[in-house]
Amino acid sequence: MSYLNASEMTGGYGKADILHSCTLTVEKGEIAVIVGPNGAGKSTAMKAVFGMLALRGGSVTLDGEDITALSPQDRVKKGMGFVPQVNNVFPTMSVEENLEMGAFIRNDDFTGTMEQVYELFPILKEKRRQNAGELSGGQRQQVAVGRALMTQPKLLMLDEPTAGVSPIVMDELFDRIIEVARTGISILMVEQNARQALEIADKGYVLVQGANKYTDTGEALLADPEVRRTFLGG
Amino acid sequence: MDLINALVAITNYVIIPATAYGAQLALGALGVTLIYSILRFSNFAHGDTMAFGTGIVILITWGFQAMGISLGPLPTALLALPFGIAITAALMLGTDKVVYQYYRKVRAAPVVMVMVSVGVMFVMNALTRFLIGVDQINFDDGARFVINARQWREMTGLSEPLTLRSTQVITVVTAIITVAALFWFLGKTRTGKSMRAFSDNEDLALLSGIDPNRVVAVTWIITGALATIAGTLYGLDKSFKAFTYFQLLLPIFASAIVGGIGNPVGAIAGGFVISFSEVGLTYAWKKVVTYLIPNWQPDGLVQLLSTDYKYAVSFTILILVLIFKPTGLFKGKIV
Amino acid sequence: ADVKMGVLLGFTGPLESLSPPMAQGAELAMKEVSDSGKLLGGDTVTPVRGDSTCVDAAAATAAAETLVTSDKVSGIMGAMCSGATTAVLQNVAMPNGMVMISPSATSPALSTLPDDGLFFRTAPSDARQGEVMADEILEKGIKSVALTYTNNDYGKGLADSFEKAYKAKGGSVTISAAHEDGKGDYSAEVASLASAGGEALVIAGYIDQGGSGILRGALDTGAFETFVFPDGMVSQTLQDNFGSEVNGSFGQMPASEGEGHDKFLALAEAAGFDGSSVYSGEAYDAAALMLLAMEAANSTDPKVYKDKIMDIANGDGEKIYPGELAKALELIKEGKPINYEGATAVHLIGNGEAAGTFREIEFKDGKMETVQYR
Amino acid sequence: MIRVEKLVKSFGGFRAVDGASLEIATGSITGLIGPNGAGKSTLFNVIAGVHAPTSGRVTMDGEDITGLAPHELFHKGLLRTFQIAHEFPSLSVRENLMMVPSGQAGETLWNTWFGRGRIRDEEAALLKKADEVLDFLTISHLKDEKAGNLSGGQKKLLELGRTMMVEAKIVFLDEVGAGVNRTLLNTIGDAIVRLNKERGYTFCVIEHDMDFIGRLCDPVIVMAEGKVLAEGSADHIMENEAVIEAYLGTGLKNKVKAEETAEAAAHEDHGAQPGLGDEAGKGGAK
Amino acid sequence: MSTTRQPGESSAMRAPLFFAIMAVLILFEGFTSGWNSALGILNMGLLSAVMALGVNMQWGYAGLFNAGAMGFLALGGLAPVLISMPPTPGAFKAGGFGIMLAFFIAIVAVLAAIWIWRNVTGRLRGLAVTAVLIAGFFAYRWAFDPAVEAIEAINPSAQGNLGGLGLPTLISWPVGAILAAGAAWLVGKTALGLRSDYLAIATLGIAEILVAVLKNEQWLDRGVLNVNGIPRPWPVPYEIDLQNSAEFVAKAQSWGMDPQLASTITVKLAFLLLFVVVLCALIWLTQKALKSPWGRMMRAIRDNEISAAAMGKNVTRRHLQIFVLGSAVIGLAGAMMISLDGQMTPTSYNPLRYTFLILVMVIVGGSGNNWGSILGGVLIWYVWVKAGDWGPDIMAALASPFPDGGVKEHLIQSAPHMRMLVMGVILLGVLRFSPRGLLPEK
């Protein structure tokens, strides 16, 4: 069984379902990328995996354990970390406090992890005393990812981490994500910079209208002309 | 020229009362600001919470007095305060469970929360009166003065009196301790930081594993404590009357906003700005002028504004601050 | 049959604490009459309370409206504050031909308001109290005072009439400053008053309202040593809360000496409330007057018995004191005139308002002592 | 058409825009790129009247428009979209479009009472136009949905749709592409080109997607630290060392395995797209 | 501010259903407590509905949180005093000129200050403005104080003010609206730039200031001494006149009604008629406006000001427009209320009753929905009045399990405060089970 196994998720915000039997799985240390048209339900699927949406059907298991009924906070304790698409830092708290908040659920000494995060994102160490709200878009994204890493998640979920960041920062972020994955952390992310993302993905999902349309390795999806034309912009 | 008497007059009639009043407003404004920044709504029930808390303190004080327990020169109410805080905090938590929790869950707009708090205000209003009635109650039983007018005159031989009430001293001292404790708590402790995180970005706090229920509970407990302390100090210094506490809501809000709502430092500064402007701008300078310029007997009161418009003064200041420095003296946060 | 009587007072709002003893005073009279079984051959009297809120004319009107139209009361004991009283008189009492006897509305304006002969008050106009107070102060040799009043028709009316009388008689008022009731802090007012100076401070306010705050502030800062207290201030609360701090201060309240007053106090004590509370006796008298007038007119119809009220109050017959209502009813039934004195030596003048006997008090050794009546 | 002269905008002590001067030619699609925090959005906001400049001047067709209010600029034909979508959440998608045209008779209270006939005719015309725009943007199935319920990308489309409701002279697009599906982005790109060609709109586009910039824009202006760093055609810019260092970067370091594929893909892209871009560029620049 | 509006649970039957419930309540009141009482509640309810409509225009349409309804209401109430009271003989001659001069001075001073602020730069600016204002203030007081003293000296126990123009009361209604609109314009010019919460507190303060003026300016409206005997508006007769008219008495008796009862009911019906006419006109105007591009534009502005501005809408002007219009409606209600009461008592304006209760009406009714405001106005007023009656009953029931003695006594004594409790519980109940109000917007 896969490390994360969200199978046959069905549900939505109101009466109409947004997700229709959507299945997402991620293995240990694997990078899985979700792509798809706007409004396909990618963010919704992420929320569903994280327990922020009431599901009408389907289940979510993590490391073999059924977590379908758990609240988001409890999922954090089970080792899931989530970086939302927007509003993903604490703007009036310093970078360091942002990271501390990431480690909120931990009762052990987290200075080591913080050092690791600083190693991963050196710019953050420089700006550790600055309020996160005063950082540029790309730096904020790094803080956001860093905060999620502080929980020492076993599964890191990122919703469009590169939206609005410059190419150089995007590359940097993807580089970091690969490094993170190499430490054995599973990554599930939504991306609209789909080609770049699929290049580093072990596995790719194409979501259309809340359902799985294509599932394959990143390479294979990139190579599929149909997928390229319809979803990756040629 | 009689500089000393002039100074004494100003101290006695402006500086001392305004400082004590300012400290009381500041404590009230802190409660309002805390709710605003963490739970994101203007809590119109705060005045009545203060009344309720004070009512409880009074009942317990009476109990102690009946049992013959006292604090010597200090008012017995100080002894009753912790119990009052506990009960008020419990009521706050209960209110949250029964009322506010639902609106957080459905993510109601702030103005809905404001209206909800108006509803709570109505209920608390009634509750307080059921509890302790509508009468004016004096429950200050300690030594009344640190220095009274007669002692002062004997001591200094000056014609101007100067008095310092013990409640004024207690008020300021308690206010300083409370504020310091609050700052330490918010800035340094884990729970305090998690509260700031929650106030910054509620969703993200959730994603960091911060338990919103805990944050909310702690917020209400602190608010209950602040309200009870502010209300008790106020009641000790003046006297308790349920209706007055509702009226206090306006200057408290004015303080919080002038200072920059959502900002604790601002709340404190705002309290003093409001109290000093109320007392200072309407002060009749006649006496001081006659001390300073002995040969001039002004026929008027040498008063900038009559006390009729006292409340207009504090609100005019409020409006001016809002227009020229819209986030308040200290940058507040707006949701 | 059962006669319903409205008791319309400010049970909630800024004067909520003055209302209960007043209501109890009125209800005491009703109970007395009811228990005697002598009203109109055995009618009982039931009080119906209505909340005039004191400040909200619309709410007061609505409450009175309910009393008249749905509770079908035969008379209204009230309202309490002059503003609400005027509203109720014009909007409810006059249209419905309902008799109103207010125990406490003292605004001078009510003397001249057209009322179709329906409105009476057992309290004197503040125009009178102003005079009395001025005399009293001057007799003590005090030539200049600072004056503060609660900012409503009562306070302002009293302050104006006092200021006029006092100045006419040679005194000077250094400052006349309003204070708002029910607000938090009176430091600013006290500071202005202190700065203006004066030999004494006249506080035309309410004891459990701003008046108390002003007094506290003035005492604590040592701004004044002598105070003058009109009706809104003189009460048990004043003695309890300030006692020896105001030794040498003095004041007056509409009340009368002697038998009636003492009897009422005793009755009140037996009934479990404080009869010396302001306007409690007036309330008793207001209710009693109406009930006795009903008997005299042999009708509970306000339009009929309204004409008897003056006769009862000023009649040329046996004096009736609190506790003697049964006797009064008998006398009336026998066709004998009575002179209702009640708790406050009722004597109605002019348009139907109390002539105003005032009890002058002074604080000695922390106790309120009656000096004289005038 | 638009001339920005020595523009400075500071927040507190910090100069977000620090003496930038640039020009946007009539009929062009000008790209504006630069690292995060370079001051692009701030520049937009100053031009669009949201912020008053600390110093400097903005002119449009020679007319000084510095410090004009947004609604006044709108009437001069200057429109803008927002980096973070600013929809009207409680209005339906269709209403979001229909509210745009200015000078509607029905916006005067008097007419709402006594000019119903005129309003009816105008509304019918507006409705038709709005539906056309929605069709064009492929979101006509959402026309009665509250705009607040749209997904991030859908809101972006709506944002663009609003500029199509009126005859604009110049449209400022702040990161239309962020969060938009690339296929859809191509459609948007086509729409921009079409508006530019057929209706003569001038565009100024902030975007981080270099493919998109390369395809559409000529010239491209690069900002960094509040100043203009470089200006020129897209190809030219992408070879500029300073721009590469500050903005473009040199690609992924970690994904050695993917490197070849990526390179191959990049070649393919460059092969396929400049043609399109050139066409657009030529069309715009004439 | 982003207001997430939950999906509506509205059905077509909702509004008729609630209005039917309201009608039943009023009818019930009529049958149990008499028609006078029912009509009295209905009249004041309709007045409240007008107030709620005004607040709803500001809050519901445009998202402007005006917490100063009380101030505009009070100002509107000044109109009947100034328009329909008889003039005080000699007052104008005594002080009218002085007062006009004083205002002229004030206006000149303020205009001069504004001119300096706009045209002078540098460090001198603040100083010059302050100097002009202070000089203006003293000049103003110089003209104003003696004039006021002269006016207030005229027959102070009954008059002491300028008095009115002696015109028909009906004229004062639009004048009340204009007074409030004028004040709102001034307030709007200065305070509308503020963000929502701050606007609320600022207007709360401004309302206090307006009421303070009405309380303390005796020459204008007798201040706290109140103005009594304001004439009724045109078709409304006086009960006494009816009772004295043989024709009316005969008619009443022919219907089998007590003439006195008939007279009071006739008067109430006359007021009712007037109020209904005003309300219908307002509803027609507002509904038309809302269901048009104007309404769409206002909602857009409410949703997102920045974006609306970028779409060419002049947000500031629209805000000012709606703020002035809404305040005008509140002022109109203020004038209507004073003509209903027949007296002007500035001390009776308190925020709980005239600001918060109105807000409760708007929210309970359903903000943004005109019909909701009407429903909320009448319903909440009904509850507010009835809660005073129900209080003792509820309390008696609550206290019954206690043994006779202190606690029971205390509880029964506290009965009047049940009004607050009932009000609070109802408000909380509505907000809980129908957060967007009883009649949600669309």
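Which chain is which? They are A, B, C, D and E, in the order written, and residues in each are numbered from 1.
As a convention for this text, a residue touches a chain if its C-beta (ideal position, glycine included) is under 8 Å from a C-beta of that chain, and two chains touch if they have at least 3 such contacts.
Source: prediction; values computed, not measured.
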item	value
Partner chains shared by chain C and chain E (touch criterion as defined above)	B
Taking each chain's C-alpha mean as its centre, the one farthest from chain B	D
Reference chain A; chain at largest CA-centroid distance	C
Separation of chain A from chain D, taking each centre as the mean of its C-alpha atoms, in whole Å	28
Distance between chain centroids, defined by C-alpha means - chain C, chain D (Å)	76
Inter-chain centre distance, chain D versus chain E - centres from mean C-alpha coordinates, in Å	47
Rounded Å distance between chain B and chain D, as computed from the means of their C-alpha atoms	50
Touching two or more other chains - residue numbers and ranges from chain E	3-5, 215-216, 413, 417, 419-420
Sequence positions of chain C contacting 2 or more other chains	12, 16, 151, 178
Overlap residues in chain A, where contacts from two or more other chains coincide	none
Each pair of chains that touches, named by its two labels	A-B, A-D, B-C, B-E, C-E, D-E
Parts of chain D lying in touch with chain A, wherever the complex brings them together	33-37, 83-84, 149-154, 156-157, 175, 178-186, 208-211, 246-255, 258, 261-262, 265, 272-273
Chain A to chain D touching residues, read off their complex	13, 35-40, 43, 85-86, 136-139, 160, 163-172, 174-175, 178-179, 192-195, 199-200, 219, 222, 229-234
Residues of chain B touching chain C in the complex	9, 12-14, 17-18, 21, 24, 133-136, 138, 144-145, 148-150, 152, 161-163, 165, 234, 238-239, 241, 243-244, 247-248, 251, 275, 278-279, 282-288, 301, 303, 306-308, 310-311
Residue ranges of chain C touching chain E (in the complex, touch as defined)	11-12, 16, 20, 49-51, 55-59, 61-63, 65-66, 68-70, 82-83, 86-87, 90-91, 94-97, 107-109, 111-114, 116, 127, 151-153, 155-157, 160-161, 178
Interfacial residue positions of chain E with respect to chain C in the complex	32-37, 40-41, 44, 156-158, 215-216, 223-226, 228-229, 238-240, 260, 263-264, 267, 337, 341-343, 345, 347-348, 350, 353, 384-385, 388-389, 392, 413, 416-417, 419-420
